[in-house]
Amino acid sequence: MAGILVFAETREHTLELLNAGVNLARDLGTKLVAFALGNEFAPEYISHGADEVLVLQPLAQDQPLESYVPVLAQVVREEDPDVFLVGATQRGKEIGARLASQLNTGLCSGCIGFELDKEKNLLQMERLLFCGLAVQKVICTTRPQMAAVAPRVFDRAPLVEGREGKVREISAMPFSPVTVVSRTPRAREAVDITEAKIIVCVGRGFEKKEDVKLARDLADVLGGEVGCSRPIAEELRWLPEDVYMGISGKKVKPDLYIGVGVSGQIQHVTGIRDSKVIFAINRDESAPIFEAADYGIVGDLYQVVPILIEELKKALNK
Amino acid sequence: MLKILTCFKWVVDEADIRIDAGSRRLILDRVSYKISPYDRNGVEEAMHLQELHGAAVAAVTVAPPTAKSCLKDVLSRGPDKAYFINDPSFTDLEPSQTSAVIAAAIHGDIEFDLIICGEGSSDLYTQQVGPVLAEKLGIPCATYVNKLTYIENENRIVAERKLDDGIEAVSIPLPALITVLPDINTPRIPSLKQVLGAAKKPVENITLDKLGQSFHPCLQTIGVLGATMERRHLMFGAQPEEIGSLISALLKDGVIA
Amino acid sequence: MDFEMTEEQELVKANIKEFCEKYVEPIADQVDQEARFPAENIKRLAEQDMLGIPYPEEYGGAGSDYLTYIITIEELSRACAATGFIVEANTSLACNPIYKYGSDAQKKKYLAPLCKGDILGAFALDERGVGDDAAVTAISDGNEYVLNGVKTFVWNAANAGLFIVFARIDKSSGTGGVSAFIVPAGLPGIEVGKDVKKMGLRGVPSSEILLKDCRIPKDNLLGQEGQGPAIAGTALDASRIGIAALALGIAQSALDESIRYSKERVQFGQPICNFQAIQWMLANMATEIEVSRYLAYYAAWCYDQDMPHSKEAAMAKLMASETAVRYSDSAVQIHGGMGTIKGQKVERLYRDAKITQIHGGTSVFTKMVIADNVPGW
């Protein structure tokens, strides 16, 4: 056993993967090692569980993140880890796949959780199939066992004061025949829907763009945010792409999700399935959302939502 | 002339899948199949390049022989020919196997400048075949592309990748591979003549013995079950009193305050 | 006997379904309520090679077969019967006479634009007089025929670029002198009357055409003088299979809506699809639709084999139209009060279904055709 390796594009994601790796490392009796994209991250990674931090060389302006693939592969061949967790951002997914290929090992993409089979020292990894309809459990018969884990699947590792660890610089230079020509940052909306504790989701049941205000009013009473299902953002463009939830959009874990006029197709439900409480309002009794809900009201949203707002104002003394 | 290979997968239509309520087993007896929607975008992008630059486009798939109705389907969408890499054992393949099979079929035998894949397949959605195939062929790749430009006289492409933090435009020398997002284009609905014309286009069968090797998986599936959501399914009426009760329940759950 | 569709037919069916979801369904209700001709979708269907499906490519057609055409009409009508009918009238009533009886020159000049959808065709047979006998005249004058009279129930007259007009070349000769003529629209002496307000298929305008000293070249005679009844008969036989497909689409849609609604609607604590009465209704619906389907497909197959098909076409139309009327009625019943509200699909299906029992030969007439053709009668 030569360690659990962790690589992610951002600091926050690395801290989450450290959390994922900490118990594994303990159970396997091995070290937890994190890659860092700069020296400055090392102390924080160590205080959040890393036994060792491997600092990578900085990228040139025109090098994409994937230039690290040959470097990571070389480190893996030297370290021979048992497990390698990759942060599944878009770039991370490409890196994980290419790395697995170079190392002739398997990669469990979109890993939503895992368990260690302690007898066989095998990771049982779970992922979704068929747009979220089914859950697949896989094991990897080769080494390292690799999993790509999306942001926010794990909470960040707890801070442990006074932890110590090693910091080592990896001298190999990143390389890629692909050159970055330009980067255009996404216009960040003021709201990060993935941070919201309460989300009111706009679905196809809304008849026109102006009616989204009804969802906003409901969100305001609750102190929550407004999000939507994919068609509202991608096709109708009533709300920005940033706030659509689903298999190809944001995955959210609010305390309360209220689906208003949302039918509940599997592609959308996959994005909200980890909500603590799901409450749905839809005029169609047979809408799939009710299968996925804790609370449901069958009714016309244009009638139900105003009453809901009124009753909430009374109950919350607003 | 630019030579393009467009990879596609014949997948179960997830709308036809039933889940046994007791065992949570997937029931696949009455499923129909389709070209994975993400691959339709890939094929359409290849055709777009053909229209702009006069490229030769061939479709490629790995499947069991029973999947042969996928060929007329893909050919009706524009490609000039199709490679049908088939064997009865080619079911439930893992991405590393699929990529290895395609690489083995291409190596030395099929010329190409650009390979286009969908970002993932609608059944497994591992999003691995594209980058893994690129690795096995030793060519560069760009994933999650939503805009592609071919720079003809410089033998390279510029691909705009839609990533979590914004758009990253990259330049890659050919030969190369890209994986494309659904927003890159709108796939056509083939016309009747395009459907009828599919039968006239050549199909090259590539069988397992021609590839001369075996393809072993690294991952092993130990279970597949219908996903459950343990939810309470409590229904309330739409009158003010009922809504009031619902609100009390939410307060009790501690999700609103 | 091979009861499976070919791979091409499966693909066409899937494509047309996708087309309907994307373009036809979203405006179907508006087309009906506003009596609006769905011009944009007809243009798209032309681009999809769907206006001359069973005719050879050399005449602008898609070079496919009648069965593929019937499958297409069924799917189109399932989404919007008016759209299905516009395609059917063009293909079976306007193109068919020219294809079966036209000279090569006529086919190249008139069939090609119809198949490609550059213009739409209309069939002008019915008149104000009693029954199916023609009273419009086409009197020979030098190099031309001069047409006079009124044709009624000319579907899509307002949008037609070409009419197939049946007229008597001699005022006194009874049906013996009836001939068929290709009459381009817009000629002096043709006036298209006002659209009539209809019960169903409201997206397809229907009106009279008034012919007053309308002159057409002798070259526009289709076939021989006096061949009119045969030409009309051939076209109507072909069209009956098309109407069967139209009715089939309506019936299938009635079933789709009934199943969906009965799963949603809860009464006495359970969805109504759990009640035996509803289950029996749905079972009958599904069975008779299946019967109608195979009869229609069989008639199309006979057509493709160049076998006689008058009886089969009449049976298919009779069965499908009766099924459509009976079960669009049942669908409204299942929906209860909701089923009578404008904007509900079953309300439109009920109205669209009725006409399928009438045009192309009423049910009574088709029974006569069947009786004439059943062996041993």
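Labels for the chains are A, B and C, by order of writing; each one numbers its residues from 1.
Here, contacts are C-beta pairs under 8 Å (C-beta built on N, C-alpha and C of every residue); 3 or more make two chains touch, one makes a residue touch a chain.
On a predicted model such as this, the values are computed, not experimentally measured, just so you know.
Chemist: What is the chain whose Cα centroid lies farthest from the Cα centroid of subunit C?
Modeler: Result for the farthest chain: A.
Chemist: Quick check: more C-beta contact pairs at A-B or at B-C?
Modeler: Counting C-beta pairs in contact, A-B comes out ahead.
Chemist: Going by CA means, which chain is nearest the middle of everything shown?
Modeler: B
Chemist: So how far apart, in whole Å, are subunit A and subunit C when each is placed at the average of its C-alpha atoms?
Modeler: Chain centroid spacing, subunit A to subunit C, equals 54 Å.
Chemist: Taking the mean of the C-alpha atoms as each chain's centre, how many Å separate subunit A from subunit B?
Modeler: The computed centroid separation for subunit A versus subunit B comes out at 22 Å.
Chemist: When the centre of a chain is set as the mean of its C-alpha atoms, what distance in Å lies between subunit B and subunit C?
Modeler: That pair's centroid distance is 40 Å.
Chemist: Using the touch definition up top, name the residues of subunit A that touch subunit B in the complex.
Modeler: Result: residues 64, 89-91, 93-94, 97-98, 100-102, 104-110, 124, 128-142, 176-186, 198, 222, 234, 247-248, 255-256, 266, 269, 273, 276-279, 290-300, 303-304, 307-308, 310-312, 314-316 of subunit A touch subunit B.
Chemist: Would you pull the subunit C residues touching subunit A in the complex into a rising list?
Modeler: 260, 263-266, 271
Chemist: If you look only at subunit A, which of its residues touch subunit C in the complex?
Modeler: Going by the criterion above, the answer is residues 284-286.
Chemist: Would you tell me which residues of subunit C are touching subunit B in their complex?
Modeler: Contact set of subunit C toward subunit B: 7-8, 10-12, 15, 18-19, 22, 47-50, 53, 57, 62-64, 68.
Chemist: Considering the complex alone, what residue numbers of subunit B touch subunit A?
Modeler: Interface residues on the subunit B side: 12, 14, 17, 19, 26, 94-96, 99, 122-128, 130-132, 134-136, 140-144, 158, 161-173, 182-183, 217-227, 229, 231-240, 242-244, 246-251, 253-257.
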